[in-house]
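Several structures are given next for inspection.
Shared between the two complexes below is subunit A, which pairs with subunit B and subunit C, respectively.
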Partner chain A sequence: MRVPITTRGTLFVVLAVFFLLVGWRIQALPDYTLARVVQDFLNALTLGSLYALIALGYTMVYGIIRLINFAHGEIFMLGAYFAFFAMVLTPLPLALALLTTLLLGGTALLVTRSLFNLESPKKTAGLAFPLLVGIFVLLGFRQLGWIEALFLSMIATAVSGVLLELVAYRPLRGAPRESMLITAIAASFFLQNMGQLVFGPYVKGFNPETVLNRPLSFRIGPEEVYFTGVLLVVPLITGLLLLLLNFFVTRTRLGKAMRATAQDAEVAQMMGVNVHQVIALTFFIGSTLAAAAGVMYAIRFGQIHPLMGLLPGIKAFAAAVIGGIGSLPGAVLGGLLLGFIEIYVVSLFPTLSAYKDVFAFVLLILILLFRPSGLIGEDLTEKV
Partner chain B sequence: MKKFLLAVILSLGTVALADSHGGTIKIGINLELSGRFAAIGQQTLMGIQAAHAQRPEVAGMKVELVVCDNETSREGSVACARRFVDEGVIGVLGAISTSMSIPAAEILQDAGIIMISTSSTNPQTTQIGDYIFRMAYTDDFQGKLAAAYVVNDLGAKKIAVFRQVDDDYSFGLAGFFDETAKKLGAQTVVQDFTAGTVDFTAQLNNIRAFKPDVIYYSGFCAEGAPFMKQLREQGFQQAVIGADAIDDKQCPEGAGKAFDGVVFTGFATPDLIPDPEAKKRAEAFKEFFFQTFKDAKPGDFNGFVLAGADAYNVLVEAIARAGSTDRKKVRDALASLENFPGVSGDVTYKGTDGTPKDRTIGFFKYEVMSPDNWKKTALFGKSTAEVE
Partner chain C sequence: MAAEPLLELKNVSAYYGPIRALNRVNMVLYPGEMVCLLGGNASGKSTTLKTILGLVQMGEGEIYFRGERIDRKLTAYRIARGIAVVPENRRVFPRMTVRENLEMGAYLRSDPEGIREDMEYVFSLFPRLEERLSQPAGTLSGGEQQMLAMGRALMSRPRLILMDEPSMGLAPKLVETIFKIIKSVNERGITVFVVEQNANIALSIADRGYVLQTGEVVLQGPAQELLHNEAMRRAYLGEV
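After this line comes the complex of A and B, so read on.
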């Protein structure tokens, strides 16, 4: 007899195990004071919200074309590098700024024009003017702050994501899914190696003075609890993006086209949906999310290197699968869960801290055994 | 794939330089030129190249350097070693780190090819066989000296030790440190992490109740930069001591001000070498180095450069003394080397397991104003001969 296990049931079990373990730790160790309980919780929330942000983009692409985009971690890396260069190299000499503007702005214009159905000359001009002038002003006159750099990086990364789709995935449309998967791995390797050649194989420090890495603290009794601005900003951004994406997918025409493509690309095409456009759009949005995550992650840990996307990419993939791949709230839930496991394995079992990834992946296996479609994913609902 | 791209590009330069016909001797170079230890790898390579430029010929033959990038991976190091066996090199210089040196040493020992690890410090490396040598001191000395400094000089009673458990070097060194610190009467608590760890907040919360006086970090810079950053963010103001793995510009450049004040033990720089003759040689080599590499920054010259240069120097000297390219004869010449005047001090292999006698370990302190504005101050040097 097969007992149906509901989402709520699974979540209940996970939470119960969590509280039992923390309770055991509190009574077993006299020095595990309230301040330290809170500290662990905040640490877990900080890490988890970063994973959630990366997992959002991962799950989005899978939801539409059923492609596990292994290059997502590398797009994430590109996002971090673009923001780094935007902050370090600005203000560019005006001629160079103009050239970069034309290159980046021009491609961005071409891409957005075809993605968002803005083909009429009036709309194109309406988009071109603020885009080009905006990029030029940003690049040419002063050193950028992290928010402007983030904005520029999101544009540049989104364009790179669409180009990647155009070059690596579009020619394989209709090919067996395995071919796409292998191309994705190839794209990932290609970007890693290109990163090492172009950006250099070294670790680069990335420590701008931002609200993200401002150390903050408060008191509980005699003890201090520490956190950084990441804890305030990243969950906010993740939540906002989740709402925005949900709105886009459920309430707009393009979102409807997306859901149709996710359900059945062929039939959607017969109904007049431009499948190529929808998929490129998915990569556009997914890459924007990856850029946002990459910049936050880089600032949080203070460094960037060409292989930085590898581990977070795998973790975000795991998070997306735990949550139910294709489901947006699932990705957030999975990311948070992974963050909590990583922190609490070290905290509850210090001698096993080398095996924290093992714990994370054992949980992945357990959840998939009992709920093959993940915590939130349902077999029947459409996935976007 | 990765290997192929980088190795091809790196070896093109050296292959083009050397004559391929008749009178050349090939020396393999197995280094971490990309991946986590890329910065140290590049510095070591520059040291080898500078030494090669000083003495490009031996026994009437040109020396050809065959460079192989192991990408800071064990598999990569094994692949490099196999390649060198196939190419029939006379000896191999590298790898830098213990984790990449040991797998390569096992293959090269079986093939009867000399290997000189430039800076592997784990005692096991040279115990693999009689063809395996090193240029550095070993971690039992490094760990003992660091522990004595922390307990006796800094007066620490409680020490938190952070070690990277999946790295032979870091794990072994933390063990030697921990053992000596306990023997000297300090209390310790050990926290583990693995390669690629960037979030240390949970480990830091674990040592909060212990209230350490000093923190010892036996890992590398890829993890060290975020470690230091979070340590300070989380309100820990204690002194931090590291080892030669953080003698790497990726640390101050990666962590910025958070790395200010960190002290580490490492391969001695010219100003710390006690023997005045050896010091003069080291200073002269330093000058030659900056003439050879015009773009090199002051921070690019450190102990790893000297280790790389001397690994090359002793191998070439052994070939000259053997007067042939017979590997057995060259090995015997190397193993009986006594007081060779190297740029890192005198090198003696006679009567050792392949670890040179009497190396100098330096104590250094980072002064970091900003990621682009930092320097290392040499505090003092200790000879391994002084350690019990």
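After this line comes the complex of A and C, so read on.
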């Protein structure tokens, strides 16, 4: 038995419960000033946005091939490292820039060619030329700002995600689900260790001089509210990416093919959809979102590490399940919810702050017990 | 018939892993024909349609469509050449709207003008669909879903349409309507290959029929002959 609840209704109940609890607790804290209200809210929105971006990758891949891509946290980590190197190492010596361009651009092209079905050489060249020139110019002439680094990292990470799919998962198409799951865990370990080997097993500081970590402040009445730019930029960029994603899946031909494949892969094939292409595209998009999250997470917390994908990865996975795995709005809701819970628990119940990483999983267990299809998940019984 | 065959299966066998589901099947469909495929449960009817589309692993044999050998081609290629399917159990995309489902039917086309014309044609066959364009397909009634599945197949402007049990689970009145529409589609020149459990109604409007049994063709011939065939009557038309 499952009580039918609409998305909007669920959203309302979740928000109401959350704010009631927060409000009730704030009553009891005399030193909870207006400044803290703003700071906590921005902190929560930022963390939640990052979880949401990562959770989308889990939910999209699951929706298409019913695989929990355990290596998704490592894709997130790669995103952070790519941006780090893009900012630290540029400008590259021109020869090296050329080499990197050909390597990255070449792989990107190979990947996107099959992704977007660019059969005609003219179309391919039309995409290849600006892409290659763009990457070369970015790498070769000056030190990159964070936005350019973010953009490059999204491309490089997307290519990595598609390669992961190609190498690790595609050969297992049609194999039992457990085989894919075990492969995903192996891929995750592999990338973690590979990262430690190649990037070094240390924490690296990631504090680019950008608007992101410029301290900002404004006054509310008698109080001064302090925060950093990243707390505004992360929700903004996340919102922008969500709009783009929404446009893609509801308005474009490939986006609709993706939804169709998630709903019934065999029939999508009967309509002429190339399912391999759609799966690769799913990894491509999920990885760009993870890269964006990785870069912004690194800037937010000021450091990167080869194992940095572990905890955010698992939490975002929990977020995807809490929201309803397979559902895009569910992943966003789950991510935001975890972000808010984590920040507000630490802020309102300082004695519990040592347990802040536990709440995601407590909530996960509760959801699995009482509403296994997630807050706004698609009803699993719908498919007859 | 003297015309070139539209579709021809020559000695086709198909497998699910080690299990053989079709055994050296031979079939021919001529342009403009309506042919029905009969047989009991698990006789391989759906498998035949999926093999034509390239969704089942094919063993030996050859498939020709419009004179071209297609059995090694991708599914998308076969569809682009003019084959469409109305799958068993309708299988509309439940969380996409009626309009999006129809658009998926035209997935491989890039002529907006022609797509619009064909959508109009689909609405003329099934006015009900036009009224429900922005409704999620999963909330349609069974009959409406069947109409949508048929409309979706027509959206690719096919030469050959494969239908897998279009009457399944529908009220008798609606079955009659659906078959009238199938007939009218066929009269537009679209070749129809229809799988049916309901042999009486299928044979009454088809030109010819094939009968499958455990993956082999055991009977074939003009519909009228099959309708009056002794073995056929005993096995499939529910007479003793």
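Everything that follows uses one rule, which is that the second predicted complex is superposed on the first by the 353 of 384 C-alpha atoms of A that agree within 3 Å, B and C clash if a C-alpha of one lies under 4 Å from a C-alpha of the other, contacts with A are read in each partner's own complex, and residues count from 1 in each chain.
Just so it is clear, contacts are C-beta pairs under 8 Å (C-beta built on N, C-alpha and C of every residue); 3 or more make two chains touch, one makes a residue touch a chain.
What you see is a predicted model, and the numbers here were worked out from it, not measured in a lab.
J.: Using the superposition on chain A described above, determine whether A:Y226 touches subunit B (first), subunit C (second), both, or neither.
T.: Only subunit B is touched by A:Y226; subunit C is not.
J.: Would you check which partner chain A:S353 touches, where first means subunit B only, second means subunit C only, and both and neither mean what they say?
T.: Only subunit B; A:S353 stays clear of subunit C.
J.: On the A-aligned overlay, A:D40 touches which partner chain: subunit B = first, subunit C = second, or both, or neither?
T.: first
J.: So in the superposed three-chain picture, is A:R113 touching just subunit B, just subunit C, both, or none of them (first/second/both/neither)?
T.: Neither partner.
J.: If you stack the two complexes on chain A, which partner ends up touching A:D264: first (subunit B), second (subunit C), both, or neither?
T.: second
J.: Identify which of subunit B and subunit C touches the larger number of residues of subunit A.
T.: B
J.: Counting only touches as set out at the top, which of subunit B and subunit C does A:N274 meet: first, second, both, neither?
T.: In the superposed model, A:N274 contacts subunit C only, not subunit B.
J.: Of all the subunit A residues, which ones make contact with subunit B and with subunit C?
T.: No residue sits in both footprints.
J.: Going by the contact rule at the top, pick out the subunit B residues touching subunit A in the complex.
T.: Listed in rising order, the residues are 1-2, 5-6, 9, 33-36, 38-39, 165-166, 191-194, 196, 198-199, 201-203, 205-206, 208-209, 221-222, 225-226, 229, 232-235, 250, 253-256, 258, 371.
J.: Quick check on the complex: what are the subunit C residues that touch subunit A?
T.: Counting only subunit C, the residues touching subunit A are 53, 55, 74-76, 79-80, 85, 87, 89, 91, 93-96, 100, 103-105, 107-108, 138, 152, 156.
J.: So in the complex, the part of subunit A that touches subunit B is made up of which residues?
T.: 31-33, 36, 39-40, 43, 46-47, 189, 192-193, 196-197, 201-205, 207, 213, 215, 217, 224, 226, 228, 301-303, 305, 307, 311, 342-347, 350-351, 353-354, 357
J.: Touching residues of subunit A toward subunit C in the complex: what are they?
T.: Touching subunit C: residues 253, 256-257, 259-260, 263-264, 266-274, 378, 382-384 of subunit A.
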